[in-house]
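You will see two complexes here that share subunit A, one where it goes with subunit B and one where it goes with subunit C.
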Partner chain A sequence: MIKLRRIGFSYAFLAPSLLLTVVLGIYPIGWAIRYMFFDYKGYGEAKFVGLDNFERLYRDGPFWHSVANTFVYAGGKLILTIPLSLVLAVVLNRAFRGRSALRAIYFMPTIISSSVMAVVFYILFNSYNGILNQYLLKLGLISVPIPWLGPKHAMLTTILIAAWGAVGNYMLLFLAGLQNIPRDVYESSSLDGANRWQQFRYLTLPMLGPVLQIVVMLAIINALKGYESIMVLTDGGPIGKTEVMYLYVYKLFFPTPSASYVPDQQFGYGSAVGFATAVIVGVVTLGYHLLSRRLNRLQ
Partner chain B sequence: MKSEAWPSMRTRNSSGRPAAGPWPGRLLLGLFLLVTAVLILFPLVAAFLGSFMTNAEIAAGGKLVPSVWQFANYKEAWVQANFSRFAWNSLFVSAATTVGTLIVASMAAYVVERMKFPGKALFVGLQASTMFVAIGAVVLRPQFQLMVDLNLNTSLWGVILILISSHAYIFFILLSFLQGISRELDEAARIDGCSSAGIYWRIVLPLLRPALGVGALFTFCGAWNEYLRPLVFTLNNPNLQTLTVGLSYLRYGSSAAVQTHYLLAGACLSILPLLAAYLVANKSFMQMTAGSLKG
Partner chain C sequence: MIKQVGTAALVGALTVAVAACGSGGGNGGGSAASPTGSSEAASSAPASAKPAGKIKLSYWTGDRHDQDYIKEIVQKFNDTNPDGIEVEMVVKTDDFNQAIDLAFSSGQAPDLIRVKENTIQPWAKKGYLEPIDSYLTDEFKRKFPAIPDFNVIDGKTYSLPNYGSTIRLVYNKDLFKKAGIAELPKTLAEMVEDAKKLTAAGKADGAYGFAQNFKSTQSALFRSARVIAEASGYGGLGYDFKTARYDWNGYKEIIQAFKQMVDDGSTMPGMESLDIDPLRAQFAEGKIGMYLSFSSEPGVYKDQFPAKIDWAAAPAPTIDGTVKGKTSLLGGQWLAISAQSKNKDAAWKFMQYMYGDDILKTYQEKGFGLSMVPEIAKIAGKPNIVGIDGFLPTENDGTWPLEPTSAIKVEGELATDVFFKYMLSGGDLDAMIQDLNKRYNDALDKAIAAGEAKAEPDPGFDPMKIR
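== the complex of A and B ==
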C-alpha cells in the first residue's frame, strides 16, 4: 500500500516533465518519421508515396549543394575557432594582471543572441554603407568597398561571424579542462629545461586530450547544426552561396522572405530531408569518434 | 631549431608564478591578446555608439563617437518601432519559461533521485535522448500544428510550453546537484511527519537554491535570446513578437536601409539587459558553460 502510494506520488511529480517531453519532444519526431513517406504540402490530403521522397532527395541538387556549404561553413568555423580558443585558454590559464577582465571580454559574445548579432553584423558588413567598409575607406586600407555579403565573400563573412560568437565559449571549456592539470608537472618539466612550446606540445596537449576530444565533438555538432545567424544575416543568399542544410530544411517547412532558392513548403519531403541531415550529422560525429579513438590507441 | 634552447635557462620566481618570457615574446603575446579583445568588442561598441547617431551620420560613416548623442533614437524605437511591445513579450516569455522549467525539472529531479519507482531508467534515458536528436526545423512544424489544435497559437503560451519542454539539460544539472546532498534532512523530516510533497517544497527546493540559480540564469538567457520558436509562432501576429523576432523583421523590411539607427537601438535594447547582468556577475554566467562539460 505504501509502495503503491509512493509510485503514484512519483508519477504525479514526474507528470509535467513526462507529458511535455512526450508531447513536444517525442511526438514531433514520430510525426516526421511518418511523413517522410508521404506527399504532404501542409494542406489537402497526405498521400503515401513510399520512398519517393528519398529518391527525390538523391536528385535534389540544391540540397547537396547546401550540404557542401555546410561542410565548408563548419570546417571554416572549426579551423578558426578551435586553435584560437585553445591558445587563449592556455594563455589565460596563467596568472597575470587583467586576466579575469580578458576572460570576461572573450566570453561576452556567448551570452548575446546570435540572431540579434546577425542584425548588427549586417549593418557592419553591408557593402554599400556598412560601418566596416566606411572605416576601412577612411583609414585608407581599401580604395573600393569590399562586398562582404556578396557572392564571393558571403561564406567567409558568415564563418568569421560564427567564430566571433564561438571562440569565448570553447575557450572557457578548454580552461575548465586545463584547470584539472596539476601545476607541479609544469614545475618539474621546466626544471628539466622544457620551454613553453615543449610544455604545450608534450604536457598540455596530451593531458588535455580527453577534454579536447569532447569539446571538438561538441564544436563539430554545433557547427553543422547552426543556421539561425545565417538565416538572419543572408537567408542563405546571395544565390544560395551560404545556404546550409538545416536552413534548407527550415525553408521547406516555413518559407522565408527570400526563399526563391528553395521550392514551396513541403512537409513530407521536408521530413525526409530533415531525417537525412540528422543522419549526416550522426555519421560525421561517429566518424570523428572512431578516428579519435584510433588516434588514442596509436599514442 | 636547436639554437632556440635558450629559454630553458629561465628560472622561476619564488611566488610559483611561471616566469615571464623574454620581452619580445611577451610583447607579441600581449599584442595578440589585445587585438583579439578589440575584435571581440568592436561590433558591440560600434553598435552601442551607432545607436546614438542619426541615420545620416551612420551612413556617412568613419566615426566611432556620435557628434551629437541622439537619445531620442531609443524613445522612437520604443514607441514608433513597437519595441516596448517586443521587450515586454521577451520579458514575459523568458520569465515564464524560467519559472516553468525550474519547477518541472526540479520536481522530476527530486523523485528520480529520492524515490524508487518502476520505469525510472527509462525516464532518464528519454530525457538524455532528447538532448541528442537533431532533426532541426522539422519538429517546429508538428509543435506548431499541435499548438494550433490546442488554441495556444494566439498567445505566447505555446512558445513558452515548447521552451519548457526542452528542460533535459536543467534536469540533469539539478539531478547531479541533488546527488551531492545527503538524505539525512529528508529522513528527519519524514520521521517528523512531513509528506513527500512537503519535503520537496520545504527541504529539497531550499537546498537546491545554488543550482536553481545557475539553472535560472541559463534558462532565462536562452529564452531571451531564442529566435526560431517565437519567429514561427508570430509569423502572422506582430503583436506577439519578441525583441529577437521584431528586430529581424525590421532588418528584412524594405525600409531597413533607412532605419539603421532604429535597428541598432533595438539591438542594444536586446543586448544591454543581459550584458549589464553579465558585467555584474560574469562568473555565474561562465559557470553554465563550464558546468556543461563536467556534468
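== the complex of A and C ==
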C-alpha cells in the first residue's frame, strides 16, 4: 500500500513535465517523422511519396555542402571556444581585484540575443563602411578594406562571432567545476614544489575531467545546431559559404519570398532533412561520448 | 557566484531592453498586434466606446511606406462609420508572410489582409482568402479591372487593384555629372562602361558605379536582371511563355555584364552581404552610382533615408539597346478579406470605404504608389514626391502573365544562386544554364504531372503586347 502510494506520488510529480515532453517534444517529432514520407506544402492534401524525400536528400548537393560547412563552423567554434573559456575560467578563479566585474563582462554575451548581436556585428564587419575596417585603415594595418563578409572570410567571421557569444557560457561551467576542486590539493602540491603549469596540467585538468567532458559535449551539440546569428548576419551567403544545415532546414520550412513569388513551404522534404540533420548531430555526439568513455577507461 | 551572474544578467537584460527600444520605431509605430484576430467583441468592448453591437476588425499589412496615411484614414473610418465597426490596423514588416501563415494555422487570422502580387496566389490556394464576388456591384466591376491570376484566381475575385509598381534604373545625377556621363546607359555594354567611369570619378570618396543587394540573390536579381531581361523580350524569371519551358539563356549576357562590372571593380565592395535597405542608405549618402529597383524608392528617399544627393529614375537598359518587351508593372491587388473572418460583411464595408475615390486619389498624389485603376489615374494629380517622374508607367510597362515558378520545387541550387556564384568566381556559364534549364523543367514537369502547375505554350506570345 505504502509502495503504491509512493509510486502514485512519483507519477504525480512527474506528470507536468511528462505532459510537456509529450506535447512539445514527442508529438512534434512524431509529426515530423510521419511527414518525412509525404509531399506536403502546409495546405491541400499531403501526398504519400514513400522514400522519395530521402532519394532527393541523397542527390541534394546544396544540403551536403551545408553539412560540410556545419562541420567547419562547429569545429572552428570549438577550437576557439573551449581552450579560451578554460583559460578564462582558470584565470578568473584566482582572487584579484575586479574579478567579479570581469566575470560579468565575459558572461554578458550569453544573455544578449544572438540576432540582436548579429545586427551589431554587421555594422562592425561590413565591407563598405564597417567600423572594424575603418579602424584598421586608420591604424595603417591594412591598405584596402577587408571583405569580412565576402566569400573568403564570411565563415571565419561567423565563427569569431559565435565564439564571442559562447565563451562566457562555458567559462561559467568551467568555473563551477573549478570551485569543486579542493584548495588543499593545490597547497600540498605547491609544498611539493609544483609550479603553476604543473598544477594546471596534473591537477586542474584531470580533476576537471568530468565537467570538461560534459561541456565539450554540450558545445558540440550547440555548435552543430547554431544558425540564428548566421541567418541575420549573412543568411547563409555569400554563395552558400556560410549555409549551415539547420539554416538549410529552416529555409525549407520558411522559404525566402522574392518580389515576384513566394515559394511553397516544403514540410515533407523539410522533415526528412530535419531528421537527417538530427541523425548527424546524434551520431557525432554519440561518437564523442564513446571516445571520451574509452579515454576514461584508458586512464 | 550566483550574485555575480545575477548582476550580469540584469546588466544584459537592460542592454537588450535599451536596444529593443531603439529599434522599435520602424515596426508599426507602436500598433499593438492583437493576437485574437477577429472577435465579435460586443460584450467585451470597453464602456467608453460606441454603443452595443460594436464590431472589431483587424487589418494586417506589411506596408510601411504608407502607414501614417493609412492610419489616419482608418481612424477616420472608426470615428465616422455608422455601423459601429472599429478597425485595428497592425503593421508587420519583416516577417509578414510567416506571421500570416502562423495566424491562419492557429486560428487567429486577421479579418483583412494586405495581399500582393506574390502572395495572392498562394494564399488563395491555401484557403486564407474569401472571394468577394458576391459583394461586387456592377459599379465596382466596371471601375476596377479584373486581372486574371493577380486578383481573379480560378474565376473568383479576391481583391481589387489600388496601385502598381514599376522597375527602373535609379541613378545618382551628381555622380553622373561628375563622371562626365551625359546620356544614360541604353545597352549592357554602356552600363558596364558607365559603371567604370562612375567608379573612377567617385572612388576617392568611397563611391562606386553599381550595386545590388546580394544578401538575397533572388531579391537582387529579380529586380535587376529581371527588368533588363523583360525589356529585352525575355521572361523576367527565366520562363518562356512562347514554349512554356524554362530557358535561362535570356539571362546569359546580363549576368556576363554583371560579372564584368565585378571584375572591373565597378561594384560596391561588400554587396554580397548587402540587404536592400543598407543599399538604399548608401545610395542616399551618394556612395552608389546606379542600381535597379521598384517604384517604392521615392518614398524611401523622402522618409526613411532622406537622400543627400540629386537622383532620378529612368528606363532600364536592354541587352542591345532595342526595347523588345514591356517591363513589369506589378500590382493588381490591395486588400482582401480573410476566409476565417467572422465579420465578413463588416470587412467588406471597410474595404468599400478604402476603395473610395478620394482615398485612392490621395494615395497616388501623396506619392505612395501609382494608381492602377484607370478612372483614378485619370483624375489623380501627379504624385508630389521627388524622383517619381521616372517611375510613372509608360506604354513600355505592362503586367506579365503569371509564370509557374511558385508552384515548382527546384532541386539543388536556385538560378539566382548559380548566377551570383558565376559573377564572383566564374566558370562555364553555358553549362550552368543548361543544368538550370534541365532542373527547372524537370521540376515543372513534375508539378504539371501532380496537377499543381499549368503551363501551355503560347507561340504567338508577344512581350510588347501584354496589357
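The rule is simple: the second predicted complex is superposed on the first by the 263 of 299 C-alpha atoms of A that agree within 3 Å, B and C clash if a C-alpha of one lies under 4 Å from a C-alpha of the other, contacts with A are read in each partner's own complex, and residues count from 1 in each chain.
Assume contacts are C-beta pairs under 8 Å (C-beta built on N, C-alpha and C of every residue); 3 or more make two chains touch, one makes a residue touch a chain.
Just so it is clear, the structure is predicted and the values come from calculations on it, not from any experiment.
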| item | value |
| --- | --- |
| Subunit A as common anchor, with subunit B and subunit C clashing or fitting | clash |
| Partner chain in contact with A:L80 - subunit B first, subunit C second, else both or neither | neither |
| Touched partner set for A:A104, first subunit B, second subunit C, both or neither | both |
| Touching partner for A:F275 - first (subunit B), second (subunit C), both, neither | first |
| Partner chain(s) touched by A:D60 [first = subunit B, second = subunit C, both, neither] | second |
| If touched residues of subunit A are counted for subunit B and for subunit C, the larger one | B |
| First (subunit B), second (subunit C), both or neither touched by A:L124 | first |
| Which of subunit B and subunit C A:G240 touches, first, second, both or neither | second |
| Which superposed partner A:A46 touches (first subunit B, second subunit C, both, neither) | neither |
| Which superposed partner A:I221 touches (first subunit B, second subunit C, both, neither) | first |
| Which of subunit B and subunit C A:P145 touches, first, second, both or neither | second |
| Colliding stretch - subunit B into subunit C, listed as 56-64, 128-136 or 146-154 | 146-154 |
| Footprint overlap on subunit A, where subunit B in one structure and subunit C in the other make contact | 42, 103-105, 107-108, 110-113, 116, 122, 129, 172, 175-176, 254, 257 |
| Residues of subunit C defined as touching subunit A within the complex | 1, 4-5, 7-9, 11-13, 15-16, 19-20, 97-98, 101, 105, 117-119, 121-122, 125-127, 206, 214-219, 222-223, 226, 236-237, 268-274, 278, 282, 287, 294, 328, 330, 405-407, 409, 411-413, 417, 420-421, 424-425, 450 |
| Subunit B partner contacts - residues on subunit A that touch it in the complex | 6-7, 9-11, 13-14, 16-18, 20-29, 31-32, 42, 84, 88, 91, 94-95, 102-124, 129, 131, 133-135, 137-138, 164, 167-169, 172-173, 175-177, 183, 186-187, 190, 193-196, 211, 214-215, 221, 225, 227-228, 232, 246, 249-250, 253-254, 257, 267, 270-271, 274-275, 277-278, 281 |
| Subunit A residues within the subunit C interface of the complex | 39, 42-44, 47, 56, 59-62, 100, 103-105, 107-108, 110-113, 116, 122, 126-130, 145, 147, 149-151, 154, 172, 175-176, 179, 233-235, 237-240, 254, 256-266, 269 |
| Residues of subunit B defined as touching subunit A within the complex | 4-5, 7-8, 10, 12, 16-18, 21, 29, 33, 36-37, 39-41, 43-44, 46-47, 50, 58-62, 103-105, 107-108, 110-112, 115-118, 123, 126-127, 130, 133-143, 146, 161-162, 164-168, 171, 196-197, 200, 221, 224-228, 232, 235, 243-244, 247-248, 250-252, 260, 263-264, 266-267, 270-271, 274-275, 278-279, 282, 285-286, 289-290, 292-294 |
